[in-house]
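You will see chain A twice below: alongside chain B first, and alongside chain C after that.
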Partner chain A sequence: MEGTPPTAVINTRALTKHYGSVPALTDLTLDVAQGEIFGFLGPNGAGKSTMIRTLLGFLHATSGSATVLGRDVATESVEIRRLTGYLPGGIALYDSLNGEQVLDYLADMQGRTPHRRQQLCDRLELPTSVLKRKVRDYSRGMRQKIGVVQALQHDPELAILDEPTEGLDPLMQQAFYAILDDLRREGRTVFFSSHVLSEVERLCDRVGIIRAGRLMAIHDVGELLARRRRRVTLRWRGAAPDPSTLPGLEDVQVDGNRLIGTLSGEVAGFIRSIASPNLDDLTIEPASLEEAFLEYYASDEGSDEPQRDGR
Partner chain B sequence: MSGRLLVQTLRWYRVRLLVVTLAAIAWGVIIPIIFDAFSDAVRDLANSGAFPEEMLNIGSGSLFTLPGSITLGLQHPLALAMLGIFAIGASATAIAGERARGTLEVLLARPISRNAVYVSILVALLISVVIVLVALLGGMIGASAAIGLVDELDLAQLPLVLLNGFLLWAGFATFGLATSVTFDRPGPAIGISVGWLLLHYFLEILGSLWTDAAWTQEYSLLHHFNPGEILTGKLDPIDLVVTAAAFVIPLVYALVVFPRRDLAAPA
Partner chain C sequence: MDLFPNALHVARREYLFRVRGRAFVITTALLALAIIGVTMVPTLLGALGVADPPTVAIDVQADDITTDPVLTVQTALIIGADPSADPGSPPLEGDRARVTRTDDPDAAAQSVRDGELDALLTITRDADDELEFEFLGSASPTNMTRLLITQASAAIAIADRLERAGIDPRQSAELFQPPSFTAVPVDPDDSRNAEDFGGAFILTYAVVILTFLAILTYGNWVAQSVAEEKSGRVMELLITAATPRQLLTGKVLGTGAAGLTQYLAIVVAAVIGLVANGPISEALGVAGELPFSLPSLGPVMLLGFAAFFLLGFLLYATLYAAAGSMVSRIEDVQQAVGPLIFLAMGGYLASFTALNDPDAQWVAVLSLVPFFSPYLMPARMLLTSVGIGEILLALVLLVAVLAAAIWLASRIYSAGVLMYGQRVGIRTIWRATRVAR
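The block that comes next holds the complex of A and B.
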């Protein structure tokens, strides 16, 4: 496809999906490179699952095009699914089977050896005694673990995970993050949707922000965090300096010898500018993606123009 | 087609299939015994004029001959229910049920086309229908042989009975599956499929009980499977054509519609 990077694992061009007259995805253009963990971020109903289901052939695009692992989603979805591991949001399993039977059945249907299964079960604390129990007796978290294992057990080239940590307790979330870190190290590509900002921040190389079916922005997570505004508190011995002499500091409030404001842009230049023996204390609150995300949504209300940086 | 999906589907059906098969054998055995025990009494009753003869020839069957009794036995609501468990119930819920539960999504995440899923499930349903049909006919013929009445049947026609019966019930199964691939919930699929069977039963019974409405029987698929007539060497080839058409048309519909449907996330 013209304009597609050679290593793009997922590539969409003006991908559009309408349900009747209702737009679910509009002109979505996106590349996900091999070996990256890409977070697809947006509130419920933004179009995250629609995008994933279109990539896997569950939905048919109204217009535009998409390839996954170099295969056209419209004509080669079976081959795409052979190479992909998919965890649906709120996964449903076969209640009459036990966990092991479910994994065996789905591995057989996948047609690939589930050689990662044991390792995944160990890390997600799914011992044989649990796998021998009927799925109908599983808690939501147990089902989600089985969902993760079935998606990754055959070591797919691409993992597409829809809200993967839903229902997992914090310990299991950490175990899951470690699994994704390993996949990244092994050069596997992971595309996952989430509205849990902290996990996107923790895991992703890049993040795409979608709203009302439109891709609003694609950012390197590192850059997004670096660019966001931080809350800064400075305390001086003696009178505080003139705020206009401090680069990047905005919305400044002076309270005696204390100076409170928001810092945007580069931190290093700001630190250099305040370096003084009279500086008694400095607090810079860590930038969280959650704030960046909320800030983004708040400031970008009404704008439909996508912003891009990173790859 | 996926052999693994076929085997798994049959595993899911196995308990139901065993129970229904045993019931079908039992029902099949009862029919010739009832005929043997009561046919003379029924004939006397008919001759007495106490009952209109139409009341004793319900559907395309008859209580006065063994072949007619076999037809009656296979058109009886009990036999329809046994065959309908798979041809209607299992087929209508097969895909719509998986869709409603969310398991279709997990299945279709595998490298299998929707048509392969459809065909695998259809084959499992057809195998089940054949087993129940063979159990019904086997019970009837076995019991007929046991009580010395088998000479009234032309057993050389048995393959044609099986073929005609298979096409009839395969037609109901493809209809049920066609509704199943159309809806996201099993309720409408079951409702329409059961309604389809009841419509044909109604047309068949109405035509047999009311001579002025005899023409309605021609529009009933059930009327186009008359094992009694086949077992006496009187197969109407039109019956095979009609039942084959009823099998093929919903099959083609499903193979065209299912791959083109949008499968949005289950609610």
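The block that comes next holds the complex of A and C.
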């Protein structure tokens, strides 16, 4: 994580923002590479939106520096905003216009052909009949869809999305994931914030974890998934075998013919070791990043007493 | 980034949003109807008989006076109500002021109390042979009938004193012959005469009041709509797609254009009302025509008025937008625009003072100062002769200050629009100056 890669699209150095005397961001140093899908993860009030708004020049950092697309956020934010697609958290639109008019209006001002719009509307199931309705009649989810479309319709080099799946139903969340997959294939850079671990796990190349304004860690998602522990439940016909014959299994509890434990590291060896005609049932719980993170935090929770609220 | 076309996109949305709104349509229609109603007031009053000439009874107990008090009072009342009336042929024409002599003062006094008569004037002679006048009627010192009768009484008393001093009526008529008096304007091209002046005076009032109302009303629209976007957080989307300067300019132009649309509708309605007034009152057979004639205005004058009005409006509207961007809640808008209202009011009040002395030095100086020139320069142009050089200087200064205001306002705006719940201080604005373009 040392040094600035030449292709860094977002680059912050010791970025700090205080609201009066209340710290919202502290010493945040971070690089996002060209073509990367970067997840910015943290609980509500951790400083995610403050970070995003500082990157777009809406807020001025108290100290530290940041560049986006090679431009300084303190002096070139106008240019940054022109090149970036932005979805604000808790989006507001003009109630008196219809969806299409909002998109046209913003596209006119973005100054680039909205050639992705059709594709995005198809993915998010925004048919013309919906686009012709006034925004004031839209549900929360429909507004959010319009927000996603306007942020990406002009195919910006960089998309900064503040909690993009907020308000979308599970089906539409999947549709949004598919959109990010498209962007990833085309080498676009996306920086998005979330407090939902599973979606970060599903979408991101790397994830930064923020808490009380401090960047706790930056992880490669693949690596994290490989390292994490899984909860395993086994049941045999007859007595359970000696746990020591099962490689990688820890914290084992034996309950008659049932055996519960945590598996970490490589899976293949463990599977070979349990292959037996007596194995009656096997559950490997879809261990989530959540557990991985909890585990991560558990180790340094005491040393770094966080302020719960970043504001 | 270029100001256009984004500013025009913004302006177009603002304009259509305003003009298509139900509130706008209804308000405009009501105001237009109201203004037509106002222009019809003289005709309506005539038709309803409210504007009937006053009825006055005169009880002459000093029966040795040689002048006819009835004729004098009648003439005063007619000329006072209508200066263009010919004093030579007063009493018969439409019986415009009904003045009668009475021998029964008690009955006449009762009629005044009953409202059948407007006033009773009693003329007596005191111990020193001086005439005494007693007026029974409205006690209000500004009552027109009372004022005119006071003047007539003075004339009767003077004629009576001259009579007693041995000057015969023919001589005294010569005594009161007005002298020959010619006003030569400094500017030889200034061909306006006294009759034009009355109209010019009224037109000046109209121009000043209309400018003031436009600034206050539509400036407020601009501030409100900025605050609305900010409090509704639509601003976050807009500010990503367009620059603060584009948004500000578009907002001022769009909302301003909508305001001027309403304005134009009202002015057109007023003109229709004024023009239609004559024929209508004629058809009704009542006196309803305007008591003055508007001065004819050359194209330079009209262009000048339009330029001062538009530039002045833009200047104030730009600052109103900046003020609107400094608050987070719509309720706080009034507070933020307070200083601007004072500024606008200053020019407004100054121009009323200037009406009495349009050639004063301070008026000339103030009419060049940008925040006041939109009021004072048109007023001076109407009331006195102003060199074209002075007008152009005032315009150039106005444009320069407008440019500076846009510069400053877009900085306040970019600092202000996204700071929710934060006070926008000088420091924030200064920091924003490094960023905004």
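FYI, the second predicted complex is superposed on the first by the 253 of 311 C-alpha atoms of A that agree within 3 Å, B and C clash if a C-alpha of one lies under 4 Å from a C-alpha of the other, contacts with A are read in each partner's own complex, and residues count from 1 in each chain.
Here, a residue touches a chain if its C-beta (ideal position, glycine included) is under 8 Å from a C-beta of that chain, and two chains touch if they have at least 3 such contacts.
Given the structure is predicted, the values throughout are model-derived calculations rather than measurements.
With the C-alpha superposition on chain A as described, chain C and chain B clash in the combined arrangement. Of the two partner chains placed by the overlay, only chain B lies in contact with A:Ser49; chain C stays clear of it. In the superposition on chain A, contact is made by A:Leu106 with both chain B and chain C.
By the touch criterion defined above, A:Ala74 reaches chain C but does not reach chain B.
Touch criterion not met for A:Ser193: it reaches neither chain B nor chain C.
Using the contact criterion defined above for the overlaid structures, shared-chain residue A:Gln144 touches neither chain B nor chain C, since it reaches no partner. Note on the superposed arrangement: chain B collides with the chain C stretch 333-341, while the other options among 153-161, 171-179 or 333-341 stay free of clashes.
The intersection of chain A residues touching chain B with those touching chain C, taken from the two complexes, comprises 19, 53, 56-60, 78, 81-82, 84, 86, 88, 90-94, 96, 105-106, 108-111, 150. Residues of chain B touching chain A in their complex: 2, 4-5, 8, 12, 101-103, 105-113, 260, 262-266.
Every residue of chain A that touches chain B in the complex is listed here, in rising order: 19, 49-50, 53, 56-60, 78-79, 81-82, 84, 86, 88-94, 96, 105-106, 108-111, 150. Residues 19, 53, 56-60, 74-75, 77-78, 81-82, 84, 86, 88, 90-94, 96-97, 105-106, 108-111, 147, 150 of chain A touch chain C in their complex.
By the touch criterion given at the top, residues 1, 5-6, 9-10, 13, 17, 21, 232-234, 236-243, 246, 418, 422, 431, 434-437 of chain C touch chain A in their complex.
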